[in-house]
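Below, each structure is written out as structure tokens.
Both of the next two complexes hold chain A, though its partner changes from chain B to chain C.
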Partner chain A sequence: MRFWALFKRDVLVSWRKKSNIYQPLVFQLLIVTMFPLGLGAGAQTLAKVAPAVVWILALLSTLITLENIFKDDYEDGSLDLYVLSGMNLYLATLSKASAHWVTTGIPVILFAPVIAVLMHLPEHTYGVLLLSLLLATPIFSLLGTVGSALIMNIRNGGMLLSVLVMPLLAPVLIFGAGAVLETSLGNSARGHLMLLLGCTVLSLTLAPLAAAAAIKINLE
Partner chain B sequence: MTTALLQINDAQCQRAGDLLFAPVNLAIDKSELAVIAGPNGSGKTTLLEAVAGLSTLSSGQRLYQQSADINLWLQHSHYLGHKLGNKGNLSCQENLEFVAHINETTVNQQQIASVLNSAGLAGYQHQYASDLSAGQKKRLALSRLLLLNKTFWLLDEPFVNLDHAGCDWLYQVIAAHITRGGVVILTAHDQKKIHQLAHHHITLVAAIEEHSA
Partner chain C sequence: MNRIVKFYHEMGSPPSFYRITRHWLKPMLFLAIVLTLYGLIDGLFFAPTDYQQGDSYRIIFVHVPAAWMSMFIYAIIGIAGIITFVWRMKVAEAVMMACVPIGALFTVITLLTGMLWGKPMWGTYWDWDARMTSELILLFLYIGVMGIYSAYEEDPRKAARLAALVAIIGLVNLPIIRYSVVWWTSIHQGSSISLMGGSNGIKDWDMLRPLLVMALATKFYFIYSMLSRAQSYLLKTESKKQWVKQVIKKELSGDQS
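Our next item is the complex of A and B:
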């Protein structure tokens, strides 16, 4: 019940504050239009880098939304409300991450084909692209809760959050973009996707622990 | 040995490594009010946060029903600090519903309406919290107390931002809560009336410097 109460509230807050949802998408669209300008508009030139570009854009556009997962709640005091309700912080973090995934992760997944078309990504890789993002976007949200919990009481903590979270996201990028790349070359993406799934499970179990600990440290 | 409902023994808090105040002791029972006083920066908020369970005491302990169990304490206490905890883009009703659900209490619309009514926010049920004035935001936060039905209220400067009518209302709410067997611990500056009602007065004094110049 508590899990759903927090989840419902977060989704509603994000839904009302529309910028949370469309900001990552506008960011992706703006940057992807730069690639033909910088690289030359040849479809083959673009297709070669497309798996990496689509993936990096999904990653970076999510990164800019992570800071506020806990920071907003810390600043307006509603963090105190659920910490002092006696709610398990592991559960609270899972709830926050789920709400972030629903309001940021899902739009990013749904928008990926648009970016892929603009980058001339080969059509037969779309399935793997969507699958890889489906596995990876929860990792973004989960690691985001850890980063956001660590920097919630720092004024300009966005940069610090990026520095903290990026190295952890590097393997995710390698396996995710790798899966799409292998598919585009006609190879099997199975290995990459399995490793990605491993990362998802790992962050699902460990990230909430780290985030809960970070919240406690910051409230001291 | 005393067996007060809540005992705070030799409590001390730190800020940036420095002890803020000399050890505080309090033994408070049902139907009692404690007022914490002290100049700005003396650590009133820090003490109240630590007692609430948001942070930890750097030394000393909080015993509720003779037990240091934090979960038991959290079930029966509600803390309202400077940061009010309202979400600006949720309506008053949605804010209260969230607080109720997160505390595993079920509420219906009528309860929320009547609570808002008594807080002087009648008709604001569907208004966004960000559209309220500072005093009204405070009233919204205070109305949580009426909704949650907890024994212990820990209030940090509850009278700040309230108009005269609001102060009178809050005074009555606190008095009624105490009559019902509740316990209130609050910090306040120059609220004579509340000081007269108080059973315990705590004045924070600076901790003695160990190394004097």
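Our next item is the complex of A and C:
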């Protein structure tokens, strides 16, 4: 099936170019070092902001990778080939988003506990943290395909991509970081996680449509 | 042909749109200026002083109409965006792109007047309450639409369609953003300050009147500004077309009809 062929190719390309995978993690590590330096290294101070920091780092480190989802394919012409091959663009963008999630989202999820330890996040919140990231990272990738499809033939489009994607990610951050925060305060995170799941489902259905539309306009 | 249908079709064609709406500019501007003057004078000097907020509440006569416009214009952008996207109408593109800077301007005015109002009322210029936060995010959405358009400016039609797509995505997300932000603040702060909501709304006609007049004035200003921007947008993007040449020739010869 073309979906899997494209998916396999993208994962393989990212895997061969290792920097795609470790760059976001190195970025997280660099930035998380700034917090104790700026805030003071007290465990209590850090624990207070930890849910937000871990979450925002996951978000930002994904954000820096989004620009390239379609850029390379656009520049070497393979994107034209996808379109010419008659492949359903909805499935093509879904495949791109899945591949991006596997190569960026999963490493970010797996790396989150490391950041959490460095930020003294209370241990009983780890489960919710991982669950919230598991629900949210697909949204990053899906909205990322939309943003990337919009800016793929602009030079230095990264800033514009942030402007386009950030407002859409605000609810995700509210629900995701909110879930971890509520757990750390001893409350139930159920409501937040449910709403986050709603966002995941919504972007899973709608984002490929928008990305496909953007590709069509861009290749006209 | 039915007159309304005919009018509708005429408005869809750039030359007729230009020809018809050119005559609307002056009356709209006139109404906007007169109503603004009336509304401001009435609001600043004749409306009764608020028993709680004193005179500083009077910024409401600028703040609230601007806030209404900031959201109203985004809705128009969304509708024009859908028309642009589905039917590729040039006039819809022009209207949409004409709306964006005006909407962004009203959003900035809303935020600034809100901050100025916040200082005497809440003791701080900025408070992350639901309205301010979602207004700020609305500004980001406006900036996004402007940004994508200017990135593709060499190809205005493509730029307009991509901007339309961004506007539609924003429109779909606006309710989600809005409710998530409302909910987020309700968790952190208990109840946020409600100035107009529920039974505490303005009941005094002397206070309401300038507010409504100002709301009308901003509408007329919007129509004026939007139409004149849309007209120059069409002149610019259609500059190779015959009708533009005729328009220019006509206006150079001083014929205003």
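We take it that the second predicted complex is superposed on the first by the 220 of 220 C-alpha atoms of A that agree within 3 Å, B and C clash if a C-alpha of one lies under 4 Å from a C-alpha of the other, contacts with A are read in each partner's own complex, and residues count from 1 in each chain.
Definition applied: contacts are C-beta pairs under 8 Å (C-beta built on N, C-alpha and C of every residue); 3 or more make two chains touch, one makes a residue touch a chain.
Quick caveat: nothing in here was measured; it's all calculated off a predicted structure.
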{"item": "Partners on chain A (chain B, chain C) - clash or fit", "value": "fit"}
{"item": "Contacts of A:W55 with chain B and chain C, given as first, second, both or neither", "value": "neither"}
{"item": "Which of chain B and chain C A:F111 touches, first, second, both or neither", "value": "neither"}
{"item": "Touching partner for A:L195 - first (chain B), second (chain C), both, neither", "value": "second"}
{"item": "Touched partner set for A:F70, first chain B, second chain C, both or neither", "value": "neither"}
{"item": "First (chain B), second (chain C), both or neither touched by A:W101", "value": "neither"}
{"item": "Contacts of A:L6 with chain B and chain C, given as first, second, both or neither", "value": "first"}
{"item": "Chain A-centred angle between chain C and chain B, computed on Cα centres after superposition, in steps of 10 °", "value": "90"}
{"item": "Contacts of A:E220 with chain B and chain C, given as first, second, both or neither", "value": "both"}
{"item": "Minimum Cα separation, chain C to chain B, after superposition on A (Å)", "value": "5"}
{"item": "Doubly contacted residues of chain A, that is, touched by chain B and again by chain C", "value": "220"}
{"item": "Residues of chain A that touch chain C when the two form their complex", "value": "146, 150-151, 154, 157, 160, 163-164, 166-168, 170-171, 174-175, 178, 182, 195, 199, 202, 206, 210, 213-214, 217-218, 220"}
{"item": "Of chain A, residues touching chain B in the complex", "value": "1-2, 4-6, 9, 12-13, 16-17, 75-78, 80-87, 219-220"}
{"item": "Residues of chain B touching chain A in the complex", "value": "52-56, 70-71, 74-75, 77-79, 81-90, 94, 98-99, 101-104"}
{"item": "Residue ranges of chain C touching chain A (in the complex, touch as defined)", "value": "85, 137, 140-141, 143-144, 147-148, 151-152, 158, 161-162, 165-166, 168-170, 172-173, 176-177, 180-181, 183-184, 187"}
